[in-house]
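Structure first, commentary second.
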Amino acid sequence: MIKIEAIVKPFRLTEVQEALSILGIQGMTVTEVKGFGRQKGHIELYRGAEYQVNFVPKVLLTVVTTEDRAEQVVDAIQKAAHTGKIGDGKIFISHIDEVMRIRTRETGSEAI
Amino acid sequence: MSLRSLIRVSISRFLSVNRIVIALHPVWAALCLLLLSGGTALGQEAPPAAPTLDTGDTAWMLVSTALVMLMTPGLALFYGGMVRKKNVLSSIMHSFAALSIIGIHWIVIGYSLSFGTGNSLIGDLNHFFLAGITPDSLSGTIPTYVFMWFQGMFAIITPALISGTIAERVKFSTYVVFLLIWATLVYDPIAHWVWGGGWIQEMGALDFAGGTVVHLSSGASALALAHLIGKRVGYPGEMFVPHNLTMTVLGAALLWFGWFGFNAGSALGANGIACLAFTTTMIASAAAGFSWMMMEWVFHNKPSALGVASGCVAGLVVITPAAGFVMPGSALILGTSAGIVCYYGVRVKGLLGFDDSLDVVGIHGIGGAWGAIGTGIFASVGSAGLISGNAKQVWLQFVSVALVALYAYVLTYAIGFCLDRVMGFRVEKDVEIAGLDRELHGEVGYTL
Amino acid sequence: MSLRSLIRVSISRFLSVNRIVIALHPVWAALCLLLLSGGTALGQEAPPAAPTLDTGDTAWMLVSTALVMLMTPGLALFYGGMVRKKNVLSSIMHSFAALSIIGIHWIVIGYSLSFGTGNSLIGDLNHFFLAGITPDSLSGTIPTYVFMWFQGMFAIITPALISGTIAERVKFSTYVVFLLIWATLVYDPIAHWVWGGGWIQEMGALDFAGGTVVHLSSGASALALAHLIGKRVGYPGEMFVPHNLTMTVLGAALLWFGWFGFNAGSALGANGIACLAFTTTMIASAAAGFSWMMMEWVFHNKPSALGVASGCVAGLVVITPAAGFVMPGSALILGTSAGIVCYYGVRVKGLLGFDDSLDVVGIHGIGGAWGAIGTGIFASVGSAGLISGNAKQVWLQFVSVALVALYAYVLTYAIGFCLDRVMGFRVEKDVEIAGLDRELHGEVGYTL
Amino acid sequence: MSLRSLIRVSISRFLSVNRIVIALHPVWAALCLLLLSGGTALGQEAPPAAPTLDTGDTAWMLVSTALVMLMTPGLALFYGGMVRKKNVLSSIMHSFAALSIIGIHWIVIGYSLSFGTGNSLIGDLNHFFLAGITPDSLSGTIPTYVFMWFQGMFAIITPALISGTIAERVKFSTYVVFLLIWATLVYDPIAHWVWGGGWIQEMGALDFAGGTVVHLSSGASALALAHLIGKRVGYPGEMFVPHNLTMTVLGAALLWFGWFGFNAGSALGANGIACLAFTTTMIASAAAGFSWMMMEWVFHNKPSALGVASGCVAGLVVITPAAGFVMPGSALILGTSAGIVCYYGVRVKGLLGFDDSLDVVGIHGIGGAWGAIGTGIFASVGSAGLISGNAKQVWLQFVSVALVALYAYVLTYAIGFCLDRVMGFRVEKDVEIAGLDRELHGEVGYTL
Amino acid sequence: MIKIEAIVKPFRLTEVQEALSILGIQGMTVTEVKGFGRQKGHIELYRGAEYQVNFVPKVLLTVVTTEDRAEQVVDAIQKAAHTGKIGDGKIFISHIDEVMRIRTRETGSEAI
Amino acid sequence: MIKIEAIVKPFRLTEVQEALSILGIQGMTVTEVKGFGRQKGHIELYRGAEYQVNFVPKVLLTVVTTEDRAEQVVDAIQKAAHTGKIGDGKIFISHIDEVMRIRTRETGSEAI
């Protein structure tokens, strides 16, 4: 099984989900994260004290899927999350050994 | 100095000033109305001058004024809780800016334009910078200073109410300029018409505590700005969910609390009418909270805290013009109807397809209009409405509603239009997406 | 009619009524009580009718009424902060429902049942829908309208207090019905007994601002519901931790602020007794906040904000019946004891093994009882307690405490029992787990 | 006894005492001050005894007292929102501890030391435990009880103001002891000097509502503690960002609301001067909110909610000593200047390199000093300042500012120094990192 | 070493932890996540505007353990998290190359 | 590519980031997590009810980097996060198959 982790801009999340459901993928897990990278943060001022906030809010999408579908999933995410501006994010792809659905103990592709 | 000559002087002064105002441009409509003001003044100072100061009345008016002041921060929370987290401080700023800016505007010209003798369309500048008022000046049984600020708090909250419609996308700098122009060209004249001895007062239309002056005028102006500024990015597709309803509920509570000063204080003394106004206010708010809740319960099977809070505010809006004129039974009817009318009121924007972020039109516009008409129907204390056999009152109320709404809509649209051309009324799209707090105010609401 | 015989009569009647009440379905019981009210009037209107309106007294009562109204939203926040995030709006709704529903109930029948002449057990329906009250009606030196609402705010907050016990699991629809029945069968009679000319007043028991009427009655009723409704899922094993103590502290502050109206307003005028009540209120609250804090400090080495806030409220509860009857020194003793008594009070539920979510029994029940007894001990202004050599007063206080507690517990249990059968008092388990805000009210407190 | 000689006497005594005070351990110093109070009374009870109670004045003072009480919880929120999440409850505790502890201290000795006849340096203990005060006692036209608590609320909020400087690192137990000693040795004497018939009052320096007594004294004391306690771990390198500005804004709103009682209540009646004070208070707050906002706008292009809130508070601070003495125009100048002066004031700590967590020095210290001087310049109602041709008044104001600041700084430093030796004024580093709520109070602010 | 990631219903967390500590496993890391899948979300209503919230709050448990214990850990989690209703969640099992305890620089099985 | 996940004490985050930027690594993703382990939590008291909070707030740093740099990255994190007290945290190292930069579709070392 393949685990696809995509770090994207929060306001693109809906688009990405729609793109995935078109592929028939409903299941995913989303985590709110702070991103550090080329995209710069913003400045805050409190009574004259100036603070450089150098992280940017991002969301981490985790989708586990089968080898054969991995590529189209990555493709769909990339297209949907793409704005062309710095900070669009990354996609990490890795193998995992096994998946189990807690409700049924099913494993492998049945589990997702 | 005779009244007539005094009026002539004031008017000429007023016009000269006004020329300046118009030189700065926005509104031709204003000019027309003002030209009409040539006629002799039939109006007079709102509260009849009475011989001595009554400490009880003064105590109550000092408190009422403080209570009405508290309503504006209450509104800041009521609104702040309903926007998205990224815009909470910007919405709060809209109310605090009104406190700061109209707070100054009022003592400079606002009070004088509204309550100066002037003519039937506008006051004068005799009280420019509170000229002629001393700690010994009385308005009725209370010092003029407290009367002046009691009225001033109304002038502050009214434009703040409008901000709910343009929340989450309005440009702050433009909003600040808008406040000043709107107060001068829209609020002050209307306040004069209704309370300052203007034509509505002369015509005999009733408005106990500001149904037309405050709620209808802000609601109609809100509609104009909603049309002008357009929808928020992603509206209505995305989720526009209140980010902190506990803040909204707290805001509603402070509004309710302050409204006792707003309505019962409008009796300008600690008397039986103040207590009647207090009574009708409490009844209407409770009844409207209940009826809105029941509407949600019946149609969605989910009575919500936001619904009850909205209902309570709707009830307060509707009873405002009637508070001291109607008996408790009528207040119960008005309050119950308020929850139902405004329940549908907030749905109008969906049908007509404009984006009124926090439902100013649905609650203050529609509620204010219904309250004014309702006053004409139910008035029975120190006045006579339909149920007291005076059908004409309904017509008078209708006229005042129609003309105030028209005037507020047209002028506000004109002001907004000009400001949009000159400064731009709306932030850039990416600013809107990133959030106004961070982008315009350089701060964030929470770091939890 | 001698006091002794009178007491016999009243008590016997009281018991007979009580038997009926327990026997029958609440609605019937209501009828019985109402029928009884046909009897000749033994009581009399609470405040002695006085000739003229005093603007100072009226100003103070208008403010006090607004202050007491603010206490209910204050309670909403005080409670809302203590529940888990998923139930915050439902707890707030409990208070706002009381404002809306009892707000209407009061003007329809509540005021009349409580303060109508009636007999020594219940008022009458002469003031049904405020019949016979006009803006000119006076109660003492203040308009009856403001007296009516001042009392009405007490009727509103009392059932809202109970909601703390059943928070996080009560079914909202049932709660709403409960409010109406409880107000009619429990609150209104008790208010009549103590203030409306009923048997407790005739007997001579003292309750300056509602120690028995408000706190003891809500505390005893809370215990009944705690027994009836059972524990929250996972209690006490899991973590039941306040989700937002800043909200709770704000609520406590608003309660404290409003309580000045509650206690000092109960003097029904701006006089020396009002100032005494204000003084004792401030002292007791401060002292109880301090003593509760010290208890935590000594026994847990951690003085907490929740502890101080709870202590302040406990002090306010305990001083309520005594406020205008005791001198500052006694207030200091009562306040200090309040923090200690209620510190242990909230631990009782652990021992007796019931789930009183927000400690209504521990603070209002136990605190209210102690305050009533304490009044009998320390009364010395315009009345005489033990320290003034009148030991009998302690006995009178004890009788009123015992019978009010008994009556409230039994009737509330009966009402709750019937409602549980008819509608169910508690939500489904999965609803409770998912949270009441989402499931019952279709909204969530925060989207941060 | 002539004014001149009298001033000589007072000042010389003052200095001698001061020397002792500085030399000795606080407790001894306390003794000295108390012993001195044996001397013949040069002062007199603050408000001139008047024959009868006025219900209107009493109503207003009851309300004002409640309003000033509300300011302390308001301060708790104002401060609580500005600290980091992990310390929010500890900051709130600082204000509630003041309410509880000074609330008791005041009735035991505070009131007597401040307003007892005594001499020109300190009151006496004739009112120890409010001895000699009954519900019938009057101070002017109001019961002494309400006068006593009105003043008491000032005594409560003043040390609470100081807590902002030492927030996020002060040891709670030491803070509690500090409260008691500071109130006795610093607040009570200064209150006596200015309002209790002490040397400043005799000298003729003006302080309408507490510019020197409350703001300057707390600001100067805050500076002393900032020097003593040192910087927070990680300051200024790390991010010290307000964790909840909506709470801070709400706090500012409650402060503003309460301040109407603070300033207009200082007229001790519902009269023209109260209305003037109300007017100047509203103007100064609005103007300062606006000017601070404009400063941010001009220099950072980002007008912030924290800025407006800070500005409003700064305006309230500056107008406090002047409220009832100046006309609206002067209030506008004072308010506008307040926003600018304090905008720079909060930057002073950066230059001088001390860590004043929540800018007590910058706003209350500098603002309080400027307000007192400004009063000497603009006083024109019932008094004469520079603009009324009385240049000497500026000098008198300057003397009172200089000596009060010096006295407060030196004594506070001495008290703090001793406490630091005896108990330690600051928590361990790891406690500071983990957060005071969890470590000292055993609770957390939010579980969201 | 094996990394076990389990997405479970929040109110089962305590049970799962107890089950693991019975196995002598104290160490784990928990993250709050939003789950999308077969289990449907809920509806919210604000002044008549109806919103379908289609995620469900879940918690992600991460436990790193040795090959030999992996199976019993998975088993314990599955049993403890199981309710039989849709939305019980998933367990993902994957290999990781190395673990290091920051305090001691220990690696491998000593590190956990 | 190598994925390095480090669970560290929140107040060490800044140090770790500085250490990494010295290595020229700007990009990382940070997640707030709850840690369970040897380090004990704290006690909270509410009206006499005593609660043992047995998790400790931690932050999870995720850095994806190339094989060759992995070691120095781990080393830098370990040194910067180290306090020597229980609860310093763990570092997990694992292989991932691919990385993609959404903005440019670049993959491999160009993507990070």
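Order as written gives the chain letters A, B, C, D, E and F; numbering starts at 1 within each chain.
What we mean here is this: contacts are C-beta pairs under 8 Å (C-beta built on N, C-alpha and C of every residue); 3 or more make two chains touch, one makes a residue touch a chain.
Values in this document were obtained by computation on a predicted structure and should not be read as measured data.
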Query = Tell me, which chains sit next to both chain A and chain B?
reply = D, E
Same or different residue numbers at the chain E/chain F copy interface, by half rule = different
Message = Nearest whole angstrom, what separates the Cα centre of chain B from the Cα centre of chain F?
response = 53
Request  = Please report how many Å separate the Cα centroid of chain D from that of chain F, as a whole number.
outcome  = 47
Chain A and chain F, separation of their C-alpha mean positions in angstrom = 18
Inquiry  = By the touch rule stated above, which residues of chain C touch at least two different other chains?
reply    = 54-57, 59-60, 63, 241-242, 244, 250, 300, 302, 304, 306, 442-444, 446, 448
Request  = Specify, in ascending order, the residues of chain A that touch 2 or more different other chains.
outcome  = 31, 44-46, 94-95
Ask   = Between which chains is there touch?
value = A-B, A-D, A-E, A-F, B-C, B-D, B-E, C-D, C-E, C-F, D-F, E-F
Remark   = Within the complex, chain D is touched by chain A residues 44-49, 51, 53
Request  = Note which residues of chain B are touching chain E in the complex, please.
outcome  = 236, 239-242, 296, 300, 302, 304, 306-307, 310, 343, 346-347, 350, 359
Task = Flag every residue of chain F that touches chain E in the complex, lowest number first.
result = 2, 6-8, 31-38, 55, 58, 60, 74, 77-78, 81-95
Inquiry  = Please output the residues of chain A touching chain E within their complex, sorted ascending.
reply    = 1, 3, 17, 26-31, 64, 94-103, 105, 111-112
Key: Contacting residues of chain C [partner chain E, same complex]   = 238, 433-434, 438-439, 442-444
